[in-house]
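Okay, so chain A shows up in both of these, paired with chain B first and chain C after.
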Partner chain A sequence: MLAVDLFVNGLIFGLFYALMAVGLAMIFGVLRVVNFAHGEFYMVGAYTYVLVAMKLGVSPWLALPAAAAAGALLGAVVERLLMRPLYAGYASWSIMKDEYAVVVTFGLSLLLINLVDKIVGPYPYRGPALTELSRVVLGPVLLNGQKLIAAGVSLALLVGLALFIKRSLWGRQIQAVAQNRLGASLAGIDATRTTSLIFAISGLLAALSGALLAPLINPSPDVGAFPAMKSYVIVVLGGMGSIWGAMIAALLLGILEAFFAVYVSYDYRDALGLLILILVLLFRPQGLVGEKGREV
Partner chain B sequence: MKRLTFLAAVTATLYLPALAQEPIAIGISIAQSPPGSVVQGTQVKDGLEIMKDMINAKGGVLGRPIKLIYEDDQGIPEKGRAAAEKLITSDKVVALTGGHQSSVCLAAIEVAHRYQVPYVNTNCWSDDVRKKGYAEVFNPSNYNTRVSQAMAETIAAMGVKRVVAFPENTDYGIGQAKLLAEFIKQKAPQVQYKYETLDRAGKDFTPAVLALRANPPDMVINVMLPPAAYILMNQLYEQGVAPSAKTWLYDGAGLADYPDFWQNVKEAGKGLISFGLYHPRMNIPPIGKELAAEYTKRTKGEPNRLIFQAADSLLLIAEAIKQAKSTDPKAITKALQNIKFSGVRGPFQFGKQPGYGFQQWVDIPYVNYQLTEVNQPVSKSNLIQGPGQPLDLKKLQKAK
Partner chain C sequence: MTDARNLWARRLATDFRAALVVTGLLALAPLFVSSPYTLGIIIVSIYFALLALGWNLLAGFTGQFSLAPAAFAMLGGYTTALLGYHLKAPLAIGIPAAILVTALLGFVLGRIVLRLKGPYLALTTLSFAEIARVVVYNSNEFTRGDQGLNVASLMDSRVGYYYLFVVVLLAVLVGLYLLMRGRAGRFWLAIRDDETGAESRGINVVRYKTFAVALSSAICGLAGSLYGTFSQLVSPELGLLQQTGLVIAMVVIGGMGSLTGPIVGALLVYLTSEWLRGFGGIQLIVFSTLVIVVARFFRTGLWGLATQPRAAKAAGAAP
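Right, the complex of A and B next:
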């Protein structure tokens, strides 16, 4: 009974992790840089949802797309203003690409946390739920209604994203730019526009993840730190830059953590992810489904 | 020569009154940004500001106004240490106060002790702050032994058999959970007690809660601060663990009087039993009533314990300066050691015994109450134990 409970809850948290981590993986896949402000995309989504629903009195179902739009807009603006120097003609920046990306995204993360802290305030805000059902019984499993809806929306978004990447023209362009930016450009793909699109999708997914969880995690300005940390572990475990790897790794980590917390130690549950991170980097740096190397 | 003498006389005439009016600087180190408890930091600041205005409105201390210099320690010990160092060496404060998170207090008192500057602890509960035995550290706030003893007495009286506590992974949380184990052993040896430490930055405590669902204990105890405490309460409620017909939920962290409590817990707070250090039905002296009225005027809310504790911390320093007739930190420390103080929560003196009672208000009053409705203010809650009174368990209502 407990095992079923843990499996289902782990799977659900895995879906939330996946929604966050996929965006990070996409950015890494295309630019080969880590976005340290990814957790703050999540925070902005959570706050947009809460403030639109509570302060403007809008239905939570309408606050959800508002949060998604805020995340997408933030992602696109960050790409245009801060990330474009990495690949669009600023030769001196591309020499120090890694250093630039670390400093600029880390700075952005601190800026966003402090802006929200000063403008909205330090108090945690519990967002309104999408449903009033606080307890839903599914066989042996007892779930919060919001959690169930959030899991369903997350699953639908992940499936939609997979189809978009696989089937749509834009999705194929993303794949092409991720495989070889120069080659894609030579084939007539607008790599700059594609990168913008990736940042917008990444921001949208992280913001939606924050919005869906806002009624469960009582967002405060530093709320993004925890899911961002998980996302880094997932991106490494799945294979740097692999979207499919990130999805599988997220589900796996969610389930492993749930069982580890009960049967080994709750105290060390978060350390489990970091241990996995170290082991993967040491013994299987390509991750679960990543490539060992790439030559073109 | 005459001209020089005249100039010196004019300068002295102009300068001396200004010097006499030079403010007395008091250093405040609180959490004003995450990951520290900003909720607590804001409440402490509110209490200090009101008391500062009250003192200054009556002419200040020794004819000089009080000036508060704030540092944001973010609830991080090393930042608290750096803040204390900066306040003492750069801002030349005559005393430090405001500390509200034990790990930070433990770091900051080392600096205060080194520079022999008085440190008035506003809300750090860890007994270790007292056990250090530093002559400069004074504790008009609550302490872990007091809470654990009171909670163990309640647990014994309620006749529960299995108790699980969830402390946060800090000096305060773990310290209190361990003390609770000791007191339960003494006062209710038949009770099976265990605790599970949770990460104060955590967002998902479901696995720890699920482990209780199959065989719920008779009581779950919260020893966490917001926002993690709110998340834990919501998850306990969602899983039907506590408060429930089988399991009581008992809060040892004083959550229920935070201004954001109900917004964050809603149904999960109904039925909560809470250990409290302030209740509107407590006997409060006129100066305390004046403080409460001013707080309500400024914020439209009910004051909580932190408002009173912060106000008392500043008033203590002001009284000590008055008694010492000096702003020399050593003289203030000496005055505090012997002070007979009457503050916003009533009169008290500091204990002299080494250990948890060192320079501590040992008999600090407390209450136990139960929240019986969603959005219920503390003033309307079900008071099951007034200060110094026996428990009235007949008043307790089990959740349905």
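Right, the complex of A and C next:
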């Protein structure tokens, strides 16, 4: 029966990981760069949620959209100010893409961590929960009320995102730009606007993931480091740039981690990600659903 | 072809001479600075200069991005410390062992990751750095966790330590110059500028990239090991990502892809950060902002700004 409990709890953590990783995969899909400040989108979401709910005294249900808005805004601003030189205008011709992206996003990550540390303080905050319910028992599964609600919201967001990308006009534009930026612009798609949109969505999802987990994780300025690392593992496992791969890989990692923590080692549960990363790079570098031919 | 080659050789020679001048000035510093505290601060900035040179070898010369220089320094420090703590090994074994272990780790990591193109090295080294720190932190019975480990000291004199660090810096600098002037250096630059092109001309890209990672890790390991014997303590905090951030800031601000840039950057950033400490912990805010601004608008850093007019003249090109 422990196995069922672990499976469900792992699956739920997988949903939270998916919210983070999908945005990262979308960014890699269109720009072929990794955003090393992704964990800080998560952190900003968690802090916005906690501070809006506590300092303004509004209902946590209103703090949630505030966190989403903060994340989307941050994503769009980062894209406009820092990412645009990667693809727009003559300036992009002399830029070494990887160099620029790694240095700038890693710098941004440090900047955001230290800004929050300085302005809000280095101590962890405890966010207000969305529900008073602390224990929910479903058959053999024991759940925390907040976790259950957060999982429901995450699931709804992921399904919504999938529909948005598959069905809506903007979603199809995102797919087109990810496949071929030049081709998409020749077909009349505004690739620049689409890239902004992707960063906004990516920031929004990561921030919501942070906000939903805020009551469980007690955010401190460096809280984003481990979720970000897990999304990097997930994105490689799923296949760089594949949204569907990232979703599957996130659920898989969540479940594997839950079992690993109980049956192997709790202290080293975070090391499982590195192990998986190395195994994937050794044996299946294209990831679960990734395209082939990325090997040298 | 030949012209371009000479131009690069001339630029590298100028760069090397400038770096020698900076190292020479450092060697003279104890004549003017007598306070052991200030000497200690300069020693730590030389430690960072070594890490910066190691990271720059990868990022600036080979175009590969590791996010683990601080982690390798931590592992180097712990190799020496653990050998002394558990096996009572003398530093004469402990320090070379640190170089060997970190080189080997870098080599294995490189072998696994560098077959692939793309951002895999940055992703893997980031995970590796965080996990290495967590493992050291959690292995209480083996590493004493966050209490850290004591390390034997090489000598009592602070000035002696100072000269040790200067001599090691000089040795690393000369070694890197010789490598960059030779075959390996040209191959690394070719890989940085056009990996596919380099491969098509018959360069064993994977081997040279792996060599760069192993060498860079070994430099960081040596620096960490020396730092451990200097401060007589190693702790998991040596491997914090913030430390890596500081190293990146030093290289980017000083000038990527040069020898002088990382050294000058390390001295400037570390000494400024000591000075900024008095203003309430804003060092990292200042430096991370500078990193973003420099990467966005002055890609070549201070060294580039200082030499660009001359380089343009030497090339005979207009802008």
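Going forward, the second predicted complex is superposed on the first by the 286 of 296 C-alpha atoms of A that agree within 3 Å, B and C clash if a C-alpha of one lies under 4 Å from a C-alpha of the other, contacts with A are read in each partner's own complex, and residues count from 1 in each chain.
In this text, a residue touches a chain if its C-beta (ideal position, glycine included) is under 8 Å from a C-beta of that chain, and two chains touch if they have at least 3 such contacts.
Computed from a prediction, not measured in an experiment: that's the story for all the values here.
Student: After lining both complexes up on chain A, report clash or fit for chain B versus chain C.
Tutor: Clash: chain B and chain C overlap once superposed on chain A.
Student: In the overlaid three-chain picture, which partner chain does A:99 touch, first (chain B) or second (chain C), both, or neither?
Tutor: Second partner only.
Student: Considering only touches as defined above, state whether A:159 meets chain B (first), chain C (second), both or neither.
Tutor: Once the two structures are laid over each other on A, A:159 reaches no partner at all.
Student: Between chain B (first) and chain C (second), which, if any, makes contact with A:226: first, second, both or neither?
Tutor: In the superposition, A:226 contacts both chain B and chain C.
Student: For A:62, decide between first (touching chain B), second (touching chain C), both and neither.
Tutor: neither
Student: After lining up the shared chain so the two structures overlap, which partner does A:114 touch, if you call chain B first and chain C second: first, second, both or neither?
Tutor: both
Student: Taking the superposition as given, does A:182 touch the first partner, chain B, the second, chain C, both, or neither?
Tutor: neither
Student: For A:133, is the partner it touches chain B (first), chain C (second), both, or none of the two (neither)?
Tutor: neither
Student: Under the stated touch criterion, which partner chain does A:270 make contact with: chain B (first), chain C (second), both, or neither?
Tutor: both
Student: Looking at the overlay, which bit of chain B runs into chain C, 168-176, 294-302 or 366-374?
Tutor: The one stretch of chain B in steric conflict with chain C is 168-176.
Student: Starting from the residues of chain A touching chain B, keep only those that also touch chain C in the other complex, and list them.
Tutor: Residues 113-114, 117, 225-226, 267, 270, which sit in both footprints.
Student: Note which residues of chain B are touching chain A in the complex, please.
Tutor: Those in contact with chain A are residues 32-35, 38-39, 41-42, 169, 196-199, 201-204, 206-208, 210-211, 213-214, 226-227, 230-231, 234, 237-240, 259-260, 263-267.
Student: Which residues of chain A touch chain B in their complex?
Tutor: 1-2, 5-6, 9, 13, 113-114, 117, 122-126, 134-135, 142-144, 147, 213, 216-218, 220-223, 225-227, 257-258, 261-262, 266-267, 269-270
Student: Report the residues of chain C in contact with chain A in the complex, numbered from low to high.
Tutor: Residues of chain C touching chain A: 59, 63, 65, 67, 112-113, 115-120, 122-124, 126-128, 130-131, 134-135, 138, 195, 199, 205-206, 241-242, 245, 248-249, 252, 256, 280-282, 284-285, 287-289, 291-292, 295-296, 299.
Student: For chain A, which residues are in contact with chain C within the complex?
Tutor: The touching residues are 32-34, 36, 82, 85, 95-96, 98-104, 106-111, 113-115, 117-118, 225-226, 229, 232-233, 236, 240, 267-268, 270-271, 273-274, 277-278, 281-282, 285, 294-296.
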